[in-house]
Amino acid sequence: MAENQKQNYLTHPKGIMSWLLTLDHKRIGLMYLFGGIIFFFLGGVLALGMRLELAAPGNDFMSNETYNNVYTLHGAIMIFLFIIPAIPGALGNMLLPLMLGAKDVAFPRLNLASFYIYTLGALFVVYTIIAGGVDTGWTFYTPYSTTSTSNVIPMTMGIFIIGFSSILTGLNFIATIHKMRIPGLTWYKLPLFVWALYGTSLVQITATPVIAITMVLLILERLLGIGIFDPALGGDPVLYQHFFWFYSHPAVYIMILPAFGIISEIIPVHSRKKIWGYKFIAFSTLSIAFIGFLVWGHHMFTSGQSVFSQIVFSFITYFVGIPTGVKIFSWILTMYKGQVSFTPPMLYALSFLFLFTIGGLTGIFLGAVALDIHLHDTYFVVAHFHYVMQGGTIIAFLGGLHHWWPKTMGAMYNQTVASICCLGVFLGFNGTFFPQFLLGLRGMPRRYATYDPQYAELHNYSSFWSGILGLSIFIAIMNLLWSLRKSNKLDPGTNPWGAMTLEWTHTSSPPHPHNFEEEPVLEHGPYDYDKVIVEPTFKK
Amino acid sequence: MSEHHITPLKTYLVIAGALFCLTAITVWVSYFDFGSLNIIIAMGVATFKATLVALFFMHLLWDDKKNLTMFIMSLMFLGIFITITLLDTGFRGGVNPEVEYPINKRAAFYDSLPLTDTHGNPVDEHGTDSHEGDEDHH
Amino acid sequence: MDRLTEYLFPKQVSTFAADIDNLFYFIFYSSIALFAIVVFGMVYLAIKYRFKKGDEVRLTSSKDHSNILESLFFIVPLILVSITFVWGIRSYLKMIIVPDDAIEIKVTGQSWFWTFDYPDGGTTLNELVVPSNQPIKIVLSSKDVLHSFFIPVMRTKMDCLPNRYNVMWFDAQQEGVYDIFCTEYCGTGHSQMGAKVIVMKPAQYEAWVADLGSDDEDIPLDELGAKLYTKKACNTCHTLDGSDLVGPSYLQTSQMWGEERVFDDGTSTIIDDNYIRSSILEPQTKIVAGYQGVMPTYQGLLNDRELDALIAFLKSLKEDSQI
Amino acid sequence: MSHDNSSPDFLQHHFHDVDQQYETAKLGMWAFILTEVLTFGGLFVAYVVYRSWYPEMFVGANLLLDVNKGLLNTIVLITSSLTMVLAVWAIQQKKQKLSLFMLIATFLFAFMFLGIKYLEYSHKFEVGQLPGEYYSYMGPEIAHLNNPHIFFSIYFIMTGLHGLHVAIGMGLIAWLIYATAKGNLHSKYYTPMEMIGIFWHLVDLIWIYLFPLFYLI
């Protein structure tokens, strides 16, 4: 037994094949993390390339064609290869069974399969890049995507395949959450991250099949001219937009709900305080997931859809705002009478609250039809969704990485560097994207490689700060990786934040290959800081 | 595993019989024209058949109700998809009538398609006239 | 507020622009209030209850709900978004219900220029001329892919769909020259697909319409060509300084006059008047190696004299560059 | 083979007991059925939208389909659904041989379904009733209608996707036949058979809608 205690999933078993063929959810999670970070880096480089081109009005750095390829790939890679799989695939896989006290997810082989399906889809995307890129925008609007001479088919094939990976992960998580909890771990005792993953998984299995069939129809439209989306053959491009956004709007919630879950973990732990309004947060997750299916048409306010649906979509859109608002207030009130430590994860969580609130509030502007008509397809929209996707999801993802890093990797990063990077990310992010709200209000359209000189000053400003943003994220990740050096191992009993969910209290850091040496017995709820004291422990 | 519900053989045979009968009915009914009721009758019968398959063959009647919920959820989301899409496609042109229909109702490639007989073989001039005459009406 | 509007928005030119800007301000100030509450609450609570050095880890409060606060979280945002929704829809209905006395102008988007067809027969490219204080109904469509017709100063925008019409309208209150952008991504030339809207006094407009299509007769050919070069949107794809856009630069073609040009199917031909003429009228038959065949035909958009003018202009470039 | 109830060899290590394993598999299967319904759902939306835009064309074009073959296929598929459910019933009752026989019957019916589909498709190919741009049939009964190629696009995509599911189902049933014959599936452990059964009934259930939508109305 003594030997067994030193075993952890990182070192046991050994050998490359034991990783490639592993059924261990923790290792699969790490492989997802690895893949996600690679594509995050790639997408980030593309983003910086775009900002470089946009620093001045003309074609100074890229031709139009290059720019169109770059922005398409930036969008598609960030969304399909990083944000959608990153949190459920990496952090979700890693933590979900641990939080439930289970030995693994419900279907471990399926889990490995979905990782390889993701890899296969990613290879299609990489092939697309090597073969010369694709220039349709990540939305693939017809008829441009049916007539473009760029590599639309490999790209859409890639997205089709990645869709299956997403579906299988969602399906796996749903079965896991329903059936793999230890006795006594009832729904209201689940950590909120699990609720968030549950909501996410429901959206994944419900919405993703529609993008799959949409991509198939698009490919068939190119190959056979089926005439469903192509107006030259009697089809309707607006119908394509319905199909596309029926997935892609819920996909926004696939991206943001797990971030909500991470924030719901970080804030109570680092405030050492029971979470405010547990049930409100839990059920607002599910209601956001559901309402998210009814509002896709607000992406189409200038498309020429019927006036009737404009009104209906605008109306329902506002109902997403209310549960989201409740969440934000609950997170803030969680700090009330707590003991708030300004650790790197907490700093990321506070940045999230600041940035996501801006992202959410600017969504209200876009939901008002009359105003959206002015703002649609301008930089206002670009700024809005970056505040939600990057200021929300990616900031929460970085916060989650910093929060669970000592748990999953058994090493502690330099906290001062991490905090400085968080500040850099916060400032760089606002500097990059806040000017874009102003650009949008003044009418600067999106997806422009060159622009009118009247917009130059703000673009220049945005480009400058994007450098700081990119550098900060890069150093933050390097700081994490640097902590993995051999001399930096933590004691297996480490619980640096004094967290009380099962993954912190009942297994070592890094966890045992089978998660728990014996099945955990639930002693308290996930946020019972009013009942139990868990001392933070931090030993090398 | 021994505690699982085992359905009597007779139930399966009765359900299968009902499915065959309903198939016969729906085909028979399709020979009569009830106008817009045609779709409703056909879909009503199909839905009844589908319910039988789901409840008995797929064991939803006896299963954990979570599974039934999952199935009903799929139909609900499909319903949402269809209904909300129809709110657009069915109501275009309400304010500005020129928006309602496509400019050319017929795709351009039909202009070069020769008329054919019922075996798909091209036929000559005579048909072309009636084709052009008809096109004006649509 | 006026200075803020000037800073944030383009000019308010259409009748409904002010209303939309006011809707913006309503949401803007409500959002600022909510945002201030969030940030103030966050910073205040975080600092007040911070874990100081030397503090002991202790049990914390079990308070996790407050019925009054929670109802406020529901009711206040609900009221604000209800007002926003109703306002948004009322303004929107004003934007889509076209007044009966509107002049109808057909706008056709095509990669990558705009064609404007006026009610009594005239046509312009990339230059929309309208009278002030007169509702203008715009009927939009596209010849190839999706485009979107956006006039920031009018606060209105609508997609152009192939094989379908879309409608928008505006009533300009101030004379001037304003930007038009394409806001639906349409390929390589998307960011160059701009145009201008010129708002004139009604009397001036009448004169302009009467004159439409009748000028240009007495200008020398190469000057007319120079004018057409921008007017017919050749400049979106072809430069005059030898640099590449979507198509080959006019300067390059001019310098190669009389020499052989290679096409992407391997054939080649001598650059002469006939070649230029056919590549304007039937651009898809011969595509210069290294370029995409994306140019639309100008059949019907240029008369014979205008074609000659463009050719003369192109030929003249060579000499200009030598000076 | 171990008959120790506490940990039979078909129990995977991360489950407590066979019931948990069985119910988890079933829930997972139903989640998968949900995604299947929505995959076809997208095509149903296309059908409904185009039918609402071209009602006359749809009524005219569905007369070109062969009701008799469609009806025959419906009967074949319902019968195969019955044999599938009886295979599960038989294995529950420890009637291995009957179960095997029923599986083989199901497989053969599935094969028959695809055979009939092949006859139908090849006739359509001959007369030029093809999807999309390849459509060339302008017979007297359809020449006056707008865009019948869209009907045939939707018809071929929906029945094609359904046919693909039948083919995948045949592969899975073939595997079941192998596993049952080898004795890997038995009255204590027949989860794969029941799961594949649910999949097979879904294939039937979708055809129940496709048949009237394309052939009857």
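Per-chain numbering from 1; labels A, B, C and D assigned in written order.
The rule is simple: a residue touches a chain if its C-beta (ideal position, glycine included) is under 8 Å from a C-beta of that chain, and two chains touch if they have at least 3 such contacts.
It should be emphasised that the depicted structure is a prediction, and the values quoted were computed from it without experimental measurement.
A.B. asks: Looking at CA centres, what chain is most distant from chain C?
C.D. replies: Computed centres place D farthest from chain C.
A.B. asks: Looking across all chain pairs, point out the one with the most C-beta pairs in contact.
C.D. replies: A-C
A.B. asks: Using CA atom means as chain centres, which chain is nearest the centre of all the protein shown?
C.D. replies: A
A.B. asks: Please report how many Å separate the Cα centroid of chain B from that of chain D, as a whole number.
C.D. replies: Chain centres of chain B and chain D, defined by C-alpha means, are spaced 16 Å apart.
A.B. asks: Report, in whole Å, the distance between the mean C-alpha point of chain C and the mean C-alpha point of chain D.
C.D. replies: A distance of 49 Å separates the two centres.
A.B. asks: With chain centres taken as the means of their Cα atoms, state the distance from chain A to chain B in Å.
C.D. replies: Taking the average C-alpha coordinate of chain A and of chain B, the gap between them is 38 Å.
A.B. asks: Spell out, as numbers or ranges, the residues of chain D touching 2 or more other chains.
C.D. replies: Where chain D meets two or more other chains at a single residue, that happens at 23, 27, 31, 34-35, 38, 41-42, 45, 49, 133, 146-147, 149.
A.B. asks: At least two partner chains per residue is the criterion; list those residues in chain A.
C.D. replies: Residue numbers touching two or more other chains: 178, 206, 210, 227, 231-234, 236, 238-239, 242, 246, 304, 307.
A.B. asks: Of all the residues in chain C, which ones touch at least 2 other chains?
C.D. replies: 96, 163-164, 166
A.B. asks: Judged by the touch rule stated earlier, which pairs of chains are there in contact?
C.D. replies: A-B, A-C, A-D, B-C, B-D
A.B. asks: Which of the residues in chain B end up touching chain C in this complex?
C.D. replies: 95-96, 98-99, 102-104
A.B. asks: Chain A touches which residues of chain D in the complex?
C.D. replies: 12-14, 20, 23-25, 27-28, 31-32, 34-36, 38-43, 45-46, 49-50, 131-134, 146-147, 149-150, 153-154, 157
A.B. asks: Hey, which residues of chain C end up touching chain A in the complex?
C.D. replies: 8-10, 16, 19-20, 23-24, 27-28, 31, 34-35, 38-39, 41-42, 45-46, 49-51, 55, 57-66, 69-70, 73-74, 77-78, 80-82, 84-85, 87-96, 144-146, 148, 150, 152-153, 155-159, 161-164, 166, 179, 181-192, 194, 244-246, 292
A.B. asks: Give every residue of chain C touching chain B within the complex, in rising order.
C.D. replies: Answer in residue numbers: 96-98, 139, 141, 163-167.
A.B. asks: Report the residues of chain D in contact with chain B in the complex, numbered from low to high.
C.D. replies: These residues of chain D touch chain B: 18-19, 22-23, 26-27, 30-31, 33-35, 37-38, 41-42, 44-45, 48-49, 52-53, 67, 71, 74-75, 78-79, 81-82, 84-86, 89, 92-93, 126-129, 133, 136-141, 143-147, 149, 187-190, 194, 197-198, 201-202, 204-205, 208-209, 211-213, 216-217.
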